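Each of the next two complexes has chain A plus one more chain, namely chain B in the first and chain C in the second.
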Partner chain A sequence: MSPDEKENRNPTIHKRIEDREITPEELDDSVVDEFDCREIFDLIRSINDPEHPLSLEELNVVEERLIEVDNKRNSIDVMFTPTIPHCSMATLIGLCIRVQLLRTLPPRFKVSVKISPGTHATEEAINKQLADKERVAAALENKHLIKVINECICKSN
Partner chain B sequence: MESAWSRESLLLAIKRDPSFHLKCPSLASDIVARRFTLVGLVENLKDLLTDPEPSQRAVGLGVLSSVLQELPVDFLREDELQFVVTFFCDRLKDHHDVVPAALRGIRSILRMTGLTAEQPVQILRSIMLNITCQSSPQEDRLIIYQILDLLILPHLESLKVLGPDLVYHVITTIDGERDPRNLQYLFTMLPAMVKGLTLGHLAEDFFEAMACYFPVDYRAPNDEEEITRIGLAHALADCLTAVPEFTDYCINLILEKIDTPLRVAKNDSLHLLSKAYQAFPAANIAVHLSSLWMTLSREALSGPDFEVREGARQCVTQLLRCLANLPLLNGHQSQPMRQLLGDVVSASISSLSGVHTSLFVPATELLLAAAKSCAVASEHILVKVMPQVVDICSEIKSQTDQSIYLRVVSKFLDVCISQNVTPENTPSVSVQWNLLVQLFFVSSNHEGNLLRKEAIHGLTTVVPTLSSNERQTLYNLICSRIDEEYSPDIREEVLQCLFACAVHYTAEVEQTIVKDKLSLQDFNGTDPQFARRLEAHCCVAAVDPIGGVIFSFLVKLITTSADPVVIHTTFVSLRKLLKTSADKSPYVYKCLRQCDFLNQILLWWVNCVSSVQECEWVKDEEVIDQVCFVVSAIVRNMTPELQGEAVHRTVSLFFPGSNQFRPCEVSSPVHHNLAVALLEAALAPLHPDVQVPDVHKLCNALVKLAISCRYPSAVISANRLCANLINKHPNAILLDTMVLSIYETLKAAHAETSPEHDAVQAVATYGWIIRGLAMRGYSSLEIWINGLTELLEDNRQGVAMSAAGAFESMMKESAQSLDSENYCTSRLFYKQRIFESGLKLVSKARLKPSGDRTPYLYALAYLLKDVPANALVSKFGEVAPLLIETLSQTSTALLELALSTIGGLLHKSAYSNMLTDYVQTLVPRLLQLANFEHSMQVRRTALDCLSEISKFPTHLLLPFKDEVICKLSACLDDKKRLVRKDAVKARSCWLAVGVA
Partner chain C sequence: MLFEPYHLTYVLRLIEFPKHDIPFADCKQPKLQLVQVLSGHRGRVWNVSWHPGGNILASCGEDKTIRLWGTEGGPEGKWVVKTSLTDGHERTIREVAWSPCGNYLASASFDATTAIWDKKSGTWECNATLEGHENEIKSVSWAKSGQLLATCSRDKTVWVWEIAEEDEYECAAVVNAHVQDVKKVVWHPTDEILVSASYDNSIKMFRNDPADDDWSCIATLTSHTSTVWSIAFDRTGTRLASVSDDGTLKIWRVYLPGNGEGIGLPDDIDPRWKCVCTIVGLHSRSIYDVAWCHQTDLIATACGDDVVRIFQECPDSDPHQPSFNLVASSSGVNGHHQDVNAVAWHPTIPGLLASASDDGDVKLWKFLEGEL
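Up next, the complex of A and B:
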């Protein structure tokens, strides 16, 4: 395979869901809006795929149903699904999601980003990498890598 | 008369004025008038021309060049011309300081007529021998190119003796040019030159000399620069496609550059390719067909962005169109267009089965692009591809997916119709065509909304091609959908379809649908089908001659009905019709005039007001709004003569002698006062030269109503109408009297002794009158604005705040009834004038203790909201401290207003530059307001402002970056979701600051 060639040339595109409707409660200053799955999904759904000019939502890499939010215990679990089991970009995608959540969520939350069980050949290794704070921090020191991540995330913002 | 110039005076003038040699028209005019001869001038300049110092020689030669430039083109005799040519060619050998003046001289000579055949050769040889273009400064290089431009094409015959040397010289001269100004000149000059010259074996060298600039890499220093990258790129494309000899080089260049990952290279290559199709013979392009197709298919199917994909698709369309004109070469099979068409179909067809795959849309778009090229291609794709689409469509279950296929089919049929490929013109497609039409008919009865909508859309597309039986089926379908369809989207689509039918089969639709199937006889307003049928009637009323009957019916319906629902529905449908037909359909307005719609409606309304017990709708502001829209649209579309007739009737209706109906009197009941809105709708859209009877009296009545009336909508209508009439008043002297009397009325109304309610409303009226006057450029405007500014310090809080609010009416962008649509005079810079005069409030505010400044701060925020950039730029330093001070206030409403004003300034790049000096003050205050607990609107706007500030130049932001990112993390945990969303955006923007 030449370096320019994509691993998955003709991926399936999923429909983007409509923007979240603004409810009267959300406009009422006296009501407290808790974090929910949709809010987390909105934060990560427009991250661009490193390979295709498509968002993670359009490729079905991230889904609202695979996000869990526990406001009381301050924890957020996100699972993502690579488009093919041998996708070499899976770690990068995971890292992008992690960095985006790191930047956009209040520090009180403990965030975990994992691959949906059974959807990638080296699932365990990647999950381990993404869970390792030291390794994530080290990856973010890498200028080239952070540039690629910023490109994926910044376009979405 | 003798010339004013002697030898001494000439030398003295040259010595005193260093730029004399650049502007010596008086010398030239003396020579033209024969007061002085050219030889005499040369003799007078002898000392300078032979001076041992090169700079002096340059000055002397400069004088001579400038004189030649000013002389008429046919002034010099042949022998004089020969003398001058030889002299200037000789000067090219001189010191490099002298050469620029000599080049200017040669350029002047080349403008002249009467050059012999030898002289151009002599000049060119001399330049070839003595000048190295690359080592000259930019201005001189430009002169050299201008010389080539003047020399080569006009004297081509004489220069042919030079043979290939001529072409070689041009190549060596232009080679290596880097200055955009010179390149722009070169790119404009070269296409004609290349076409004129015989390039021979130097064609490739010539092409390469120009191709080295492709793709143009240039960034204009600012947006207003005359030379732009795109301009240069387009001019270069003209050069590269100038002659058919360039075909091979050009196509190879395109194939090479399109392969790079650079977007600019891809887009420029595609643009060059589309030029190449027009410039080069199709047979030459056909040689490169397979490589071109490989590249184009790759870009069209998986190009990096929409622009590239769209460009590649257009190139495919043009390529097919260009090849379509080629004769059959070796029988049917090898016709290049057929070959390419086959390739397009085979590359796309495999992707058509997966509607959710990323190649589906590009593949269908590519097929569409191919179909657009010519009738043969449309036919081919219709016959080969569409049956397969129908098969796929029938196999899938999901109605969403099926609707996508139907949309694709509609698009194809639309293209086919535009190419005249219909069963009528091309019988070979009738089988496939009928198959598709049947597919639409079947799907139009499907239970899925999406599918029904797409099917009806498809039927709308094929309306012009339907047979009589199919039309009857369609009419039945339309009528049943109008009566029964519950989805408003589909009903809208059905109405579009009905309109298309009415356009193509007018008589049939009138008879079958309007009079028969969708008849409105015997319906009452409570029937849900009534509104739908009425809407359908209004939809086809725009088609001649159906409208006449329908509008007469509508007038009858309105004037005789006692049902508020019927009245409301009728006006809603009429409004929709007038909104969609706007100025496009003079027929609608003609019909409305023919049935005297305006007069009848106004009369009806006045009668309704008199019998309010039975006609409750005269108090309903929504109905009033609908009626007003219809009335103003009708008046707006009348000619001034017709308006003149209508206005008399309207005024006599609203100001009758008897006491029945008095809308402009304060003592009248509410439904009388509300009718002022109708008066506004009927009078505001008048042309300026239509005279309103008793305008003085009318305006006074309106002002009195605006001051004392208790109904806000009547007050606003009265204010707007009064401002409109003042704005359009034709007589300046009468206007002065009128305005003075209004001024006195308002002054009395806001005096200390008057009731506060009247004072508050009088001050608001003040703002409207100022706007009307300012828009027409009234001379004594400043007195009015000063008066308003003084009212800001009124002891009564309500009055002071009303004065601040008046600044909003004066400045806001759109004010209904006061715009060019209603023929109001709108002088350039009127807002600047209000702004300049209004600025006095800043100095007045400074004199007040900060606790009493609230009205001033409001007024300032309104004043700045819509001010034009050029007015604000010079005064911003004056107003900024007060504006920023507003951000330290605690009043939520004031903070919201000030933040939205600052946000408005930040959103427009022309204004945001003014705020760059205040980053230091703005950022900390905005950060504080981003956590303002009493209003989420304040928090949101502050965060929005912070996002906008992140677009400022990086060096201004870096000192604050860490602090902003740190403090914004608190906003990420805001209790409101919307604030968190804005905080995420602002924080992400700031995180990106300084990151390459």
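Up next, the complex of A and C:
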């Protein structure tokens, strides 16, 4: 495969959902509003796919229904769906989601990023790698890799 | 050669602790009291190590610095940072380890080097750099004799280094036994046996074979179902504690050849290690470190759920099926606010414990025994 050639040349493109409506309660600083799935989704929906000039939302890689937030236990679980089961970019996409959430959420949250069950050939290996904070920390010190990640995330901002 | 231990699982009785952190006078339960918070690192603190004399605590982390902490105005004084070593590594410093004599400090870094520091010139400086690993070094450990050093890396290898002469370290062996990252290396407290824990879920033990001067694997301990993050021997070296991403703490016991328990085959030449206790359901996330106190026999764990926990063996415990109780934990406002990465018992003051966390702090704790 040449470097320009894409693994999945014809991905299905999905429609972006409408922006969140901001309620008067949310603008009121005296009202405590907790993190919800939609908020997490909004943080990651615009991350650019490493291969296509499309967002993870448009490729249906991330979906609001695959996000779980538990404010009491401070845990956020995100599942993502690679466009094809042999996608070699799956780890990179997972890292992008992880980094974006690490940078935007308060540190009290324990974030887990996993592949939706049954959607990738090496799902377990990738999940284990994404859950290993030492490997993630080392990866983020890799200048080349962090540049690629930043490009995916920053296009979105 | 693989020995599958039938392991006994104990779901331990969780002792109820008072919810508040203010110590009240008539508290009879054992507890973990916060002694001091050591702030200064920027970002995650990965590891802490006590000088064998007990008067220096070294800490390291993602800010690429090593901090040496000591007390002000006598051994009872407040712990303050005495020195910061900043020019040794280009990337995260994952682990620090004092040599048994206390004259050298080894630091293992994601930059693929291990630095050896000493104070011969009057100030702490790096006088040797051990190069050879392909990528991140995760752990470094000195043998009891002080003549051997072990390092391990994401490159799946364990290296044994020999101290040839002053500031000269030679690679004595490269051990290729694991199939994934090696997370931790630890030496046996008395014998020249090296133990490693890996992302491949196994623990392996190695011994130098005088016949060919190679380090050969003498035991493989399999029972954990995910990455083994850390291991620690008890004071006798006949038991090993291990902690894992699978959320369990396991206790292993050695059965020497010809043991009366009928463990292993009669013609075994190597000792057999058997998992004799598994503690499940108490840690709610990955466990990153374990420390077995050689003075009090208490076990401390560092967990991804932000809690430091203390375990004590039940007094009438069966040596072949021991049981351990959770006797204290660091939860509450005094606890760490993010993952705890490391725990280390003080070498001479019983019950004094240091912990390191992603929240950027090192904390000192005192384990207080309950009263009957």
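Here is the rule we use: the second predicted complex is superposed on the first by the 157 of 157 C-alpha atoms of A that agree within 3 Å, B and C clash if a C-alpha of one lies under 4 Å from a C-alpha of the other, contacts with A are read in each partner's own complex, and residues count from 1 in each chain.
Everything below uses one rule, namely that contacts are C-beta pairs under 8 Å (C-beta built on N, C-alpha and C of every residue); 3 or more make two chains touch, one makes a residue touch a chain.
What you see is a predicted model, and the numbers here were worked out from it, not measured in a lab.
In the overlay built on the shared chain, the residue A:E151 is in contact with neither chain B nor chain C. By the document's definition of touching, neither partner reaches A:E124: not chain B, not chain C. Using the contact criterion defined above for the overlaid structures, shared-chain residue A:R9 touches chain B, although it does not reach chain C. Between chain B and chain C, B touches the greater number of residues of chain A. Contacts of A:R108 after superposition: both chain B and chain C are touched. By the document's definition of touching, of the two partners only chain C reaches A:A138; chain B does not.
In the superposition on chain A, A:E68 makes contact with neither chain B nor chain C.
Comparing the two complexes, residues 107-108 of chain A contact chain B in one case and chain C in the other.
Only residues 6, 9-14, 22, 26-27, 29, 32-33, 39, 42-43, 52-54, 103-108, 147, 150, 153-154, 157 of chain A touch chain B when the two sit together in their complex. Those residues of chain A that touch chain C in the shared complex are 107-108, 110, 128, 131-135, 137-138, 141.
Interface of chain C with chain A (complex): residues 44, 62, 91-92, 94, 110, 135-136, 138, 154, 181, 183, 199, 226-227, 245, 285-286, 304-305, 337-339, 358-359. Looking at the complex, you find that chain B touches chain A at residues 302, 304-305, 351, 354, 356-360, 934-936, 969-970, 972-973, 975-978, 980-981, 984-985, 987-989, 991-992, 995-996.
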